[in-house]
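Take a look at the structures below.
Across the two complexes that follow, chain A remains constant while its partner is chain B and subsequently chain C.
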Partner chain A sequence: MSTTTKGKRSGFHLTSAQNRRLWITIFLAPWFIGFIIFLAGPMLWSLWLSLTNYDPLVPNTAFVGLDNYREAVADPKVQTSLFNTVFFAVIYVPGTLLSGLGLAMLLQGVGERSGGFFRTVFYVPNVAPAVAVGALFLLLLNGRDGLVNRGLEFIGIQGPSWLNDSRWIKPGIIAMMMWSVGTTVIIFYASLQNVPKQLYEAAAIDGATGWQRFRNVTLPMISGSIFFVLVINSIASLQLFTEVYAMFFGQQPSGAGSEAALFYVIYLFQQAFEFFNMGYASALAWLLFGVIGVITFIQVKTSKRWVYYEGE
Partner chain B sequence: MRNTWRMVSVGVAAAFVISACSSGSSSGGDDDNDVNSSASPTETTAATGATSATSATTGDATPGEAVPASGELFAFGFGYDTGDIIAQTRVDEFREANPDVDLTFSEGGFDSQGFLSALASDDPPDLVNVPRNELGTYVARGVLAPLDECIATHGVNMDDFYEGASSQVIVDGTVYALPEFYNSRIWIFNDAAFEEAGLDPETIDVSDWDALADASVALTRMEDGKVTRLGLDPKLPEFLPIWAHANGVDLISDDGLTAQLDDPAVAEALEYGNSLYEPAGGLTDFLDFRDTWDFFGPGNQYATDQLGGMPMEQWYLNVLAEASPDLEITVRALETRDGEPFTYADGNSWAVTTSAANPEAACAFAASMVSVDSWVAAAQARDDERAESGAPNTGVYTGNAVADEIIFNDIVDLSDQPVFEAAVEVVLDIQQYGFGTPPSPASAEFKAAWEEAANQVLNGEDAAQSLATAQAEAQDAIDSAER
Partner chain C sequence: MSTAPADVDTSGLTAQPKSERTPAQIAKRALFLLTLAFFTVLFIYPLVWLVFASLKPPDEVFSAGLIGSEIRWENYTTLFDLAPIPRWTLNSIIVTFLAASSVTVSSAMVAFGFSYFRFKGRDPLFYSVIATMMLPGAVLFIPKFLIWDALGLNNTLYPLWAGNLFGSAFYIFMLRQFFLTLPRDLFEAANVDGASYGRMWWSIALPLTKPALVVVFILEMKVAWTDLVGALIFLRDPEKFTLARGLKAIIDNPSVGLESRWELLAAGSVIVTLPMIVLFAIFQREFVEGIATTGSGGK
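Moving on, here comes the complex of A and B:
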């Protein structure tokens, strides 16, 4: 005979839904804790520092309100570095999209065996250390004996001074960064592989030309990938630092590069770690965060007009 | 607690500010000096290498006065791991005399970012090998400790150091560091180019800027519209302090508190230096050609007749002696436009941090590293090393004049290298006329300001206007840092 009393169950009992939520929470906790400690916390702390005159070597830190932001807005070097950065992004991002897509389509056209070889070739530059890439391009872009200008000379073009002429420094940097278009190529290649073949077959039966198939089938079907690459590359281009710093601001600073290659994060780095104006540098970081946020917001908003998601 | 707060703040700001920006610059001048210096096998003082490092400091130190140090000691910014014998011998000297010290080093040379992080950590460095040109920044922020007591304890005689070096480590009458190397500048002329141009490198009047400009034109060689030999390389913007000094003004006041970039003599010097690029077709062509040089190899610009001459740090003689021992060059002292010899000097120094856990050992180490006996032992070790390999030796240029005297009188023997023997004599003669950039509370901002102005002028902007802007920026930074 059972002695259990109805309605009086001992111990802690969760409903099925509660149990599910608990496990979700447990699995999400590591990421969430990491987010708080390594991202949200530092960001908030940095926001506070941007309102102070914090110098890590000086014990007294004073609250200065929005002074750092006002100074940044009026700082001619901020304007110069922002112009350089935006100039780079405006050319680099469309450049990687077009070249990445073009190379991915070429890859799709070759056989699987040689395709694997070329995929590797395209991606190898991405695993090279950024500083090494910078040093390598100091040699390749040398105006006198560099491989790039020798190649141009071979086809009858007098190459410019990529490293010492302030008018050509940014194009030289863009050329260098285009070298590592491999990630974009791989993303587009994977996306192209997923475009259903029957769509092309149907378009062909309807008499669509190659351009029409590309315009009306390929592009819509890979628009999600294009949007992803657009956002990621835009953010990355606005944060360009390592390669350019190694080329123009390292052991042997370049004269012409001091202004033409002064990108926003390089100036931010100088303020933070060379001049120890950490409060001001934090304000610069937040301004960049704002710029990136606005650009990303616009990209997300406009994406609804041209990005096609199969599930929608 | 303060350290913890600093560490958190620095880490936080750094994490948010950038994600991949480790620069890792090191003190190139001293390293190069080290790497390329050597000594030939001659007799040396019997006491070398056997004297206690802590007692064997400079000048009139009394042996045995200082007690051997002990405990843990962490030194930042010293490239001990490079395998350079000048560094290792001096460290070994210290370790031998202070066996109870557990000595560790940071990786690589000095860089401000790494030093900042190290100071903010729970285990800040006890001492630092810091460029003298940057010392003022850290003194102004209270990072470095006064060394008056250290100097007294270890019998360091500051008069033993070249004035151009000691003036860089003294702020308001207080010594904050001990000078290590002494990188001075001299003219290095290419004899073959001068001969071809009908000039005599021994007698050309280096105080006469018109004569130098004419020489630069005569020395320049163009073929098919391309420069194949540069005349005289003014080495701007980095050598602007030299050109300004030659024109009668320094970029900053002796107390390091007043920028003097808007002095018309600075603009004149900058414009003159810029004009030396013209014979080669302008700055861009000049730099493009210069970038192709095998600067440290046997195909260097002197060996391949690609340069008429340039002002350069004296350690480069070591490079040339090793890479091109049969080279025909003439070394001349820099001169002001009034004909007074001078040199611009810099180098690293050893400083003890205010957060040092073991300041006594840090002081002992700093004193040992710049002591006469330590330098002589290192020079002798390098001499032995080079004798084995058969490479020539042009010496080690230290900030310690007493050590230099012993090294160059007793160890260095260049009698079978008359060209380099004469060159070294010029260097040694000029050392006493050295000047350095005075310690400034905003040394990095100050340097960035005048370098940027110089770059703007080199790229065609008006000198007076650019320097006026730089003056305002530099003075603002100095005033802010001083407050």
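Moving on, here comes the complex of A and C:
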């Protein structure tokens, strides 16, 4: 400090390189701090917890090695929740891909101006908060008089008991989640708009049928977005929580839902914050990370065979 | 909606000028419009129904017809008497505003650091930021709970937004894309004039990327307003609840005495949803652009 008064060159005066480095540090500082406090630190902590029997209500925590992981693999509730989650993902992911693409192509048949209007309409369900969607579907799927069963009755079908019959709980949940297909529609619509018109004209000149145009022009040109939606929706569906938790779990007696609607992250949440088995729940979280990692890896690897990138 | 058929594009590849339309084409067109109408009803009607259900008398919520025997606005006052709705609304507004503004500013800072400056190791470092998006939120539930608990801040609103002070990978990625499109000459001129890097960011980069900043702000508003997991983990007292958490409390306890009050559940859902509908109505373009350009709803 005392040297600062002596001359211009010493003390706080920074060279331009130092100044630049200082500013880079300032700009990136939020990320570094956040990375250590809210990401890397917690990840290591969670990994450590998964090797212990930590329970905030019990004073002594012991290192248990891989016991939590062994226990998880044998836990019937893990098996149930994993089955439910995979069941959901296997129907929901292809379902959103097909219906999202179908609806986006439907919008293409409308003119530019009203296309924008209907795109907005299709997106509206996504605007509703997930917990409100859960509440709404508790009403829509309710008993014999809910809107869904009234609609089915109108076309002569006696609807099932969506909320109490364990065979129909998951289909009801899939229907609820499919209602929010709008995000996928927007992604596909944007992607379809970017397919060069000349390609269709060229295909038409070559005498390509509608199906051939779709198969050989549209699909390859939008394969990048199909891949993106596939990866994002797979990851999201394996982590399904809010809507279903809002409907079937918490303080209300959950009945049939406690088995049929027990999704993986819901079980994890229960273990962590309702039973306070935080060591065990941490192990469940890392298993989930592993499953998601493997699935994403496979999707990325196989994508090279069918995703077409322009300029490659 | 009634204007839709009028501006239907007939110049496409399959549609023919009106005079040459065959009955088969007219039938096809009719089927097309019918399909469009069906999906419009499918996506919109449940929300319209919800609003009307919230105004029905208790025993008519599931009865046929959109409007009950009377319109009961007092359902809302009943709900206000039973639950601290104004308090929850205020909490939600505080969290939403702080979450959105802090994540916008911090992400814009980090994104600028990763786009304007060229330094050794920048790209690997940036990819590590992107890689963190892969991590499932569930891995961080417990340590975050323990950290905020150690700070003595559980059961306050801080855990619901303060993490946003450190930027979010998704928005950093998105804003960096925008910063990279700014011509470098703009900054060089300012550099000659002796402006600091901080000034360049604040007075040149930010004003020019305002549309993108608005997109980030709006997307994060939706994320913060709708967040239930965080509220379930961190909030204990009903006084501290956000609206999303409050609605969950209403779902958990939908009866007054022995009677189920579904119309109150509907009213609660309307209260939580309406602000998002308004936000969407005003910032439609930002929502859609945000999704179409980055491909996701803001997670």
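In this text, the second predicted complex is superposed on the first by the 268 of 312 C-alpha atoms of A that agree within 3 Å, B and C clash if a C-alpha of one lies under 4 Å from a C-alpha of the other, contacts with A are read in each partner's own complex, and residues count from 1 in each chain.
Going forward, a residue touches a chain if its C-beta (ideal position, glycine included) is under 8 Å from a C-beta of that chain, and two chains touch if they have at least 3 such contacts.
All figures in this text were calculated on a predicted structure; none of them were measured in a lab.
J.: Following superposition onto chain A, is the placement of chain B relative to chain C best described as a clash or a fit?
T.: Verdict on chain A: clash between chain B and chain C.
J.: Which partner does A:165 reach: the first (chain B), the second (chain C), both, or neither?
T.: first
J.: Which partner does A:200 contact after superposing on A: first (chain B), second (chain C), both, neither?
T.: Second partner only.
J.: Given the touch rule stated above, what does A:258 touch, chain B (first), chain C (second), both, or neither?
T.: It touches chain B, and chain C stays clear.
J.: Quick one: is A:276 in contact with chain B, with chain C, with both, or with neither? Answer first, second, both or neither.
T.: first
J.: On the A-aligned overlay, A:24 touches which partner chain: chain B = first, chain C = second, or both, or neither?
T.: In the superposed model, A:24 contacts chain C only, not chain B.
J.: Using the superposition on chain A described above, determine whether A:156 touches chain B (first), chain C (second), both, or neither.
T.: It touches nothing on chain B or chain C.
J.: Can A:58 be said to touch chain B (first), chain C (second), both, or neither?
T.: first
J.: Tell me which partner touches more residues of chain A in the superposed arrangement, chain B or chain C.
T.: C
J.: Tell me which region of chain B runs into chain C after superposition, given the options 40-48, 112-120 or 346-354.
T.: Of the stretches 40-48, 112-120 or 346-354 of chain B, only 112-120 runs into chain C after superposition.
J.: Which chain A residues are contacted by chain C in one complex and by chain B in the other?
T.: Shared contact residues on chain A: 38, 41-43, 45-46, 49, 56, 130, 138, 142-143, 145, 239, 241-242, 245, 250-251, 265, 268-269, 272-273, 278, 281-282, 284-285.
J.: Of all residues in chain A, which touch chain C in the complex?
T.: 19-20, 23-24, 26-28, 30-31, 33-35, 37-39, 41-43, 45-46, 49, 56, 103, 106, 109-114, 117-132, 134-136, 138-140, 142-143, 145-147, 150, 179, 182-183, 186-187, 189-190, 200, 204, 210, 225, 228-229, 232, 235-236, 238-239, 241-242, 245-247, 250-252, 265, 268-269, 272-273, 278, 281-282, 284-286, 288-289, 292-293, 296
J.: Quick check: in the complex, which residue numbers of chain C touch chain A?
T.: Per the stated touch rule, the residues are 3-4, 7-9, 12-14, 32, 35-36, 39-40, 42-44, 46-47, 49-50, 53, 61-64, 106, 109-110, 112-114, 117, 119, 129, 132, 134-147, 163, 165-167, 172, 196-198, 201, 222, 225-226, 228-229, 232-233, 244, 247-248, 250-254, 262, 265-266, 268-269, 272-273, 276-277, 279-280, 284, 287-288, 291-293, 295-297, 299.
J.: Please output the residues of chain A touching chain B within their complex, sorted ascending.
T.: For this pair, the touching residues of chain A are 38, 41-43, 45-46, 49, 54-59, 130, 138, 142-145, 161, 163-166, 239, 241-242, 245, 249-251, 253, 255-256, 258-259, 265, 268-270, 272-276, 278, 281-282, 284-285.
J.: So in the complex, the part of chain B that touches chain A is made up of which residues?
T.: Its residues touching chain A are 2, 6, 8-21, 23, 25-26, 28, 112-113, 116, 119-120, 137-138, 141-143, 226, 236-237, 283-285, 287-289, 291-292, 442, 444-445, 448, 451-452, 454-456, 458-459, 477.
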